[in-house]
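One structure coming up, written as structure tokens, with questions to follow.
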Amino acid sequence: MQRLSRFVPSSSRRVTGLKDALWSGSLTFQHALSTSAADENTSGRKFASYTVFKGKAALSMHPILPSFSKLESGGSRVNKNGSVMLTFFPAIGQRKYDYSKKQLFALSPTEVGSLISLGPAESCEFFHDPSMKSSHEGQVKKSLSITPLGNDSGYFLNITVLNNLQKTTERLSLPITKAEFAVMRTALSFALPHILGWDQALTTHHPSPSASKPRVERPHPDSEWER
Amino acid sequence: MQRLSRFVPSSSRRVTGLKDALWSGSLTFQHALSTSAADENTSGRKFASYTVFKGKAALSMHPILPSFSKLESGGSRVNKNGSVMLTFFPAIGQRKYDYSKKQLFALSPTEVGSLISLGPAESCEFFHDPSMKSSHEGQVKKSLSITPLGNDSGYFLNITVLNNLQKTTERLSLPITKAEFAVMRTALSFALPHILGWDQALTTHHPSPSASKPRVERPHPDSEWER
Amino acid sequence: MQRLSRFVPSSSRRVTGLKDALWSGSLTFQHALSTSAADENTSGRKFASYTVFKGKAALSMHPILPSFSKLESGGSRVNKNGSVMLTFFPAIGQRKYDYSKKQLFALSPTEVGSLISLGPAESCEFFHDPSMKSSHEGQVKKSLSITPLGNDSGYFLNITVLNNLQKTTERLSLPITKAEFAVMRTALSFALPHILGWDQALTTHHPSPSASKPRVERPHPDSEWER
Amino acid sequence: MQRLSRFVPSSSRRVTGLKDALWSGSLTFQHALSTSAADENTSGRKFASYTVFKGKAALSMHPILPSFSKLESGGSRVNKNGSVMLTFFPAIGQRKYDYSKKQLFALSPTEVGSLISLGPAESCEFFHDPSMKSSHEGQVKKSLSITPLGNDSGYFLNITVLNNLQKTTERLSLPITKAEFAVMRTALSFALPHILGWDQALTTHHPSPSASKPRVERPHPDSEWER
């Protein structure tokens, strides 16, 4: 539960950008990953994120791979899609953040699709309930809203966590500039086929086809007629 | 011929989305792949899809790799382009689907191009005839139409299979939200160079060039003058 | 110098497309590649293209890799950018094409940039002179023009080869639908970083960093200050 | 500190392009890379750039990989984001450039986001201060501005380096056509996930999952609830 007390603010600023007294950091936020890394078998795994630091909160995002399960045929298939994890954490002073107060929100593939297709004046909101299929349904509710800052200058992200048992509501929010959202959109668009496992489905693991050993033919596209 | 009787509906919803009482699922649809996997040599192959579940039908899509044939030179070339297979299957109750009643439609590269360049108010329609070059031409006709839902909120997909011999017409259709179409567009755009084999054509299989062993030069772009 | 006498026309058609009596083929055009493959060391190389067949001519495009040269440091760098080769060849009958009458045009990275950024109502034209820096400059001139078909329905491609010595002018042209151009744009956008060699520059060939053997640090971005 | 005295101008030109007496070269600019290559352990590394030559200056850009540090878990994580280095150098005669007078500017991920989301009529400007956190802060200031040429025909890039100690101001600028900017945008969009390390985070280094040896499960997206 360490606190971040130092980071290097970027000296770059967008001339056509916000007038607000925002500052943004381009440092990679390490602690966001080290915590979750402790939970799993990460030997050989690599972690990467994109983090923006703002006056009242910071946001880090990192991709999570899909998992595959073995098929009887010897191949494997996706049994759980990956996601893109958003981590929000509050500022507790000038350029100081408390990572122990983080709030997590895992974007599903369709939620990623919603973000990357968001028009400059459009909003979207996602609702997650961790206990949805249990008797605790509705006790805790998370929502993430993304609303335009206006003038095509970016978006305002807000996460709200409502706990009906503890009677608490936690809220973290921060503005994202157009440039930062372009990074998010590009990284999310890149991640999307990967969290669906399409990159692996589209990679040949066979050696080059050999003339001597005829391979079993893949079904013709017209196998759409097979039924 | 199993039926899907359970899946987890996503709790996310787009605020600016449809007012319709639609629900969508983000579960990976396993059975769509296990069936086709049974037909081929899948050792080491990986399967991945993207599936949306709606009130009257579900749609799953997964990419199919191109196949290569050996050249005398030792290299190989695409002898059949890959495709993206769309699988439609009907709902037979609340959140229950009958995968045995599936209808398949394999998108060619150009049909993929049509989908990914579709404007928010544009439609397209594809016609497939499995017996096109035989005496049975015209006996069975498939068509897939994609029409806008209006207000840039997504598209309506409809597959119709007309069997002139059996005097039957089967039809499955479902709405696709803007966010879901963004996933499809991104996954299709990612898949397109792969189903054409360009990713493999653009990968060097040579080790790093060595100074001692001069490689045969690749033809200069001006080899366009060679003719 | 074989002729193509058979291919399978696609049964797909775009409802909002051209009214012209165009037909398009989605067959992979093999011969376009086998000829050039004969010229080089293709062991292990893979070839892929995208080909459209129209009433008066066909067009095939395939990517050509950059070449690298060894550096003294042990690394290597691009010494010649790759390109995307366009091959035009005329129809000599219904669905018959004469590949021996082909005309080649190799798109440079910047020309690829021009194509992929072309607006629906914009045109562009490229001029190539194979003898540009020799005494024969101007004897042969090639030009490729791309002009809109109108109504955002695609482009008309025209290649003209003017030979001042032989007093001949050869011209091949064909319409490209919006869907086909979307395939070209997507494949060209995918190819662009590869023909510049950026995919290889952005791939780590090092094993995972080890704690025991500290690696030489890569220069900090602020090495922009090193001068 | 060599000078470039020869290169091959491209014979291609955009018909709808600028009327200016600009010329552009598509040669790969080697020296931009060999210099920086000398500073680091480049064994096995590959270098690639994109360079445009104009009347008064040239601009080369090349990507720089992120660096990873080892985690106790055995995995690794990004400890410094990569960047895209811009190198400007002045013309000192017709088609002659002095690379020793180069000015460097390393684009951070967010600055890359700013560039790739730039509208046809928008500008942006970045400020870098190499001594920002030291007592020398403000002594040297670099700025890079990107302003539209008008009529959607490209952008004008200008780098200014102000040295308050030496009382000098150096300035290099050049126009970038729409086609060249499309190459830059495509290459930068491709590079962005890589300089954040997302391509490596999204690559499985595990062998195919085996049925016999159950792997530790990756956290469920709903691990967003773990806190």
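Order of writing sets the chain letters: A, B, C and D. Residues in each chain are counted from 1.
Here is the rule we use: contacts are C-beta pairs under 8 Å (C-beta built on N, C-alpha and C of every residue); 3 or more make two chains touch, one makes a residue touch a chain.
Model, not experiment: these values are computed from the prediction.
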Same or different residue numbers at the chain A/chain B copy interface, by half rule: different
Cα superposition angle of chain B on its copy chain C, in degrees to the nearest 5: 90
Cα-centroid distance, chain A relative to chain D, in whole angstrom: 25
Chain B and chain D: spacing of chain centres that average the CA atoms, whole Å: 35
Touching two or more other chains - residues of chain D: 44, 46, 68, 76, 80-81, 108, 128, 199-200, 208
Of chain A, residues touching chain B in the complex: 66, 68, 71, 73-81, 108-114, 116-117, 119, 122-129, 132-133, 145, 189, 192-193, 196-206, 208-211, 215-227
Residues of chain B touching chain A in the complex: 8, 10-16, 24, 26, 28, 30, 33-34, 36-50, 52, 62-65, 67-70, 76, 80-83, 85, 102-106, 108, 128, 130, 140, 142, 152, 177-183, 186-187, 190-191, 194-195, 199-200
